[in-house]
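Before I ask anything, here is the structure I am working with.
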């Protein structure tokens, strides 16, 4: 296995279009993007601009119409365990209990029953589903399904975590708890994270780098480093949010998302 | 058909539990709630507290384990066209195009092809999917699917609109546009709206009445009137959000959601 | 594609009626036929009935077995039909006799070497040598009847001394080749096939006939139809008689017709004639056959079938005589 | 038959009014009783219709004997009885076996044939549904499943003799194409993202099949097995035409040849009831294995 | 056969590397050619295996005649030919019809039988899958689908005569249970919320069936129709045993009785190829009707 620090993500001249009824519908225009290992990249943009498409290309679920997507120098040829994916619509297995869903990744990799039970317990605890481990996914609420998915991906300890609006269906409190847990993990393990969100605040608060995409066909119209999630700045969240730099970046991001010029 | 203004919604001593593996999992504790016709009720609460369960009971998808749910004095015995439902997970028909999904309600009611085309166009325009009317639902992004669902329900002009986190997957701009469209419709038609959201701001901004539920098993722990969405107060959104009453209500709601005592 | 087309691309030379056609017959007759090499298929192939009764409507119905033909009678689907003597006996006995009211009006053939017992092991030369062996036969057929008769006569009990199993003729060569069976009582083409692959004939239906248990392929007709259409039956018997004589006098021509209907080689068809005895109308009308003895044969067969299941009770000889009608044969024999 | 009560059915109709949990249980017991009554009355209705039709002699007993005759044949086939009224030769059941022995013999063949079909059909379907092998093999599968048993029973006898082996093979060949096809169809219906998700968790090709594709296709596979078992029943007569005693299909065939319609119908009724019971078992298996149907 | 190329298959295997759109089309053409070659070589391999086995006389030509003999029988069955070498009696095909006429006759029967099965089976399945009628009728459906054709063909002849009607009925009775069952299974798999959604839009019971349950069950129904059509093919011989000329099943039966194995095999091959082509048609129908499979 390639060492974690070689897992640089590169989009080179990526365009993508879907074919709908014979006509090509452009979704991504021209993406050139390098994500260094260990970056926490947050991605925002208007609904339907191509965020999910970009994430799925990197996940290896589709092949770009043009250009190349590479991880660690190798072109992406399909999904792989080093790239974990939290789907926009919870994708759990109804034939497995919540616990077994979370244990699935370690189990596939041949981790011993004891170890994977421990891992699963840890992450189930983290996302607040310890009491629901025997439920089936369809017996969970929408937000709980999303959390279960997050636990499943994290329990598999992928080098690159791709998250598509993971906290979208969570209440503020749960969301904040999971945000800090995620930051904790990121800081501790140095994983690369690509995090799609509609919340500008979330993007700025979490990201070590904030990207904004233009409306469809998506291009990256803003690419800013952010420092607020950095382990160095151990300040309470409230105080961070009050920082003028923070407010300024939020405004910049909000402006970029709303910019009507962005329509190519 | 009962007149719109008789459509009072009443929950009387409603409890609900699910049966999981033989054991009863309580979801709603004891709900006594009356929603007057024309109210815009927003409902917030921690993930998994029972919001969706409450909405589904009113929609007629399930029968409460105890107590009664009545609309206009009649016990709810199943779904009905007077109660439109925007699902938490987009539920569209993949065998129909976006336009036909939106036209479905009017079509079932026997509205002429011309009229329903017009209605559909209006709502597709409203949710920004006019260009995608020929797509199939699975050819839309997550946020677009949610918008399509909203258009479908509104195009059917139900007296009571039940919305389960309808704007959860939308970016801020789109969300604001749809919020004001929804308010417009509410003010113009006097429909009853039950609106589940995780955004405290959204709950306070939109609702004429704000409810907060306790963690599972859900009870209503806060029930406050709100006036900010009222047609009388035609002030720019920014100014409304700056009002001290607004901030106070937001704080109260936030406090209620986070209250640890709420666990029964 | 419509059914009922004749087999010929170019009509055979002699499809005219060999005698003066009877234009007065206007009935509709539905005739069940089977793929057996006898006069019936010659009549069918050459279109004799159609030519001799130009105003009658003839419908040919192909049947897979005599049992089926009996059923067709039961639901009034056919007026005439060919079957073996076993089904004819069943049809004339309780309980079926209540549902299918038929009479035997013709003997298409007396089964001789056409159905025989072929053994695999050349050291077995008579039926008693089959003790402890497995014999295949199509159940409920005339061959089945002959086999059981022969076993009984030899003092062997089926199921105890000899294993008798049900097998359709077309499956026999396979079982034979795999040494699954030691002998089979069967007809052509399987019979020839088994003989060719080293089988020996040790008994045939000719032998059982000699022992007083003859088997036949017979022509039957619904008794109601007989009463209402005597002219038709006369013409029909005439045609059958003519075909019998053709087989006897000009087997090559008759074989050609048989070959066309059965879809086999004319030479094979001609060979198959040898194993069957064909009777002219006057022979049939005699006391040896329809004129008397035949009812006894039915009675005897019935007594045997009672033991095998299939009928509930054996009627009196007179009962069986009621289901034999020599009239049509006599009317032709009298000519 | 009360098992069918819990059959999951999309609630197309308005649901019943609200009721407490105790009410619920009582309601369900009442429901069950109602259904039992419904089943019983339907059956009674059918039987009397049958009796009436035969009593009025609308259908010849050659094809449809009265229920009484069929019952007599059934009893006779399950007892030692004289070969004919008045005869002192006592025979056992029919063709030397009781009817239930014939049934057991056929059931064994079906169990082995369908069992093998399941063991072969599911993996084959999985492989055909997911790899290029499917494209290559599909025409042959279709060829096979269009062949009339009559067409190949001769070859089976050559290869496997006239004993049970060729019969089991025939049942296998009848049962396995529907299972393979259902599996393929199930595989094609698996949500692509469910496959994507497990591949992102690091599943190998084999693991994708066992961890996702197989369980996700289970409902289709179970339907396929049910269809295949039904086919096996319809094929049992063809399989037992040649040397098929003991065997209920073989018995039905011989009885048919002897125009013993009452016995034929007794066999058919027994076959039908056995098939219904077997299918009920398979259906309840479905309820246990696929509780999520219609929910996710 | 090139149609199968586009068969949707979950990409269990790693997908091919990135390629531009022109590359894509060229790639696909190449893929198609490759598949054609694959099919052709598989077929060739099989044919030569067949030829080899017979040439080595491993199997008696009585069971498996060499390909050449089968071809001769096929040609003979499609032409006017003398009844024997040297004879001047010219006959048309076999049993008075060319082989293709036999095929057309059987195809007609299958088309009507399966057509009726579709028309009856789908609504019946919808009703049985959604109402209490299902609970009442299911045992009888299972009963029916376990019955050997041999068992009830007699009754059919009573009611419908020995002409085409009873044959079509037999094919109908063989084909409709799998369709009804597949429909029921499809109905049970419909996501409950899809039904809820349309009921909230005001759909009546009927509208729920037509607007949601039917389209959502289409994939299962189509699989059911494919299974049923295959089953109808296997039943065509049974249907045509009695008075089945013209009819390719009837011809196969008669030829089998005369041990004309080459002709039997020619019939079988024709049946198989016709069945493959029919199934390809049904499969492409699936692609048109259910483009969303695996996506939603």
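Labels for the chains are A, B, C, D and E, by order of writing; each one numbers its residues from 1.
Throughout what follows, a residue touches a chain if its C-beta (ideal position, glycine included) is under 8 Å from a C-beta of that chain, and two chains touch if they have at least 3 such contacts.
Every value quoted in this text rests on a predicted model; they were computed, and no experiment measured them.
J.: I need the common contact partners of chain C and chain E, sorted by label.
T.: Intersection of chain C and chain E contact lists gives D.
J.: Which two chains have the greatest number of C-beta pairs in contact?
T.: Per-pair contact counts point to D-E as the maximum.
J.: Averaging each chain's C-alpha atoms to get its centre, pick out the one most distant from chain A.
T.: It is C whose centre lies farthest from that of chain A.
J.: Let me have the rounded angstrom distance from the C-alpha centre of chain B over to the C-alpha centre of chain D, please.
T.: Averaging C-alpha atoms per chain gives centres 48 Å apart.
J.: Mind checking the centre-to-centre distance between chain B and chain C? Centres are C-alpha means, answer in whole Å.
T.: For chain B versus chain C, the centre distance works out to 83 Å.
J.: Could you work out how far the Cα centre of chain D sits from that of chain E, in whole Å?
T.: About 20 Å separates the centre of chain D from that of chain E.
J.: Of all residues in chain C, which are in touch with two or more distinct other chains?
T.: 71, 74-75, 170, 174, 177
J.: Which residues does chain A have that touch at least 2 chains other than itself?
T.: 60, 78, 89, 136
J.: Pull out every residue in chain E that's touching 2 or more other chains.
T.: 11, 13, 60, 63, 154, 157-158, 191-192, 199, 253, 256, 295-296
J.: Mind pulling up the chain E residues that touch chain B in the complex?
T.: 191-194, 196-204, 207, 211-212, 215-216, 218, 290-292, 295-296
J.: Quick one: in the complex, what on chain B touches chain E?
T.: Going by the criterion above, the answer is residues 59-61, 78-81, 83-85, 87, 89, 91-95, 104-105, 108-109, 136-138, 152-153, 156, 158.
J.: Show which residues of chain E lie in contact with chain D when the two form their complex.
T.: 1, 4-5, 7-13, 35, 38-39, 42, 59-60, 63-64, 129-132, 134-136, 138-139, 142-152, 154-155, 157-158, 174, 177-178, 181-182, 185, 187-192, 195, 199, 205, 208-209, 213, 219-220, 223, 226-227, 230-231, 233-238, 249, 252-253, 256, 261, 264, 267-268, 271-276, 279, 293-296
J.: Which of the residues in chain A come into contact with chain B in the complex?
T.: It comes out as residues 18, 20-21, 25, 44-48, 51-52, 88-90, 128, 134-136, 139-144, 147, 164-165, 168-175, 198-200, 254, 257-258.
J.: Where on chain C does chain D make contact in their complex?
T.: My answer: residues 65, 67, 70-71, 74-75, 87, 90, 95-96, 98-100, 136, 139-140, 159, 165-168, 170-171, 174-175, 177-178, 180-181, 306-310, 312-313.
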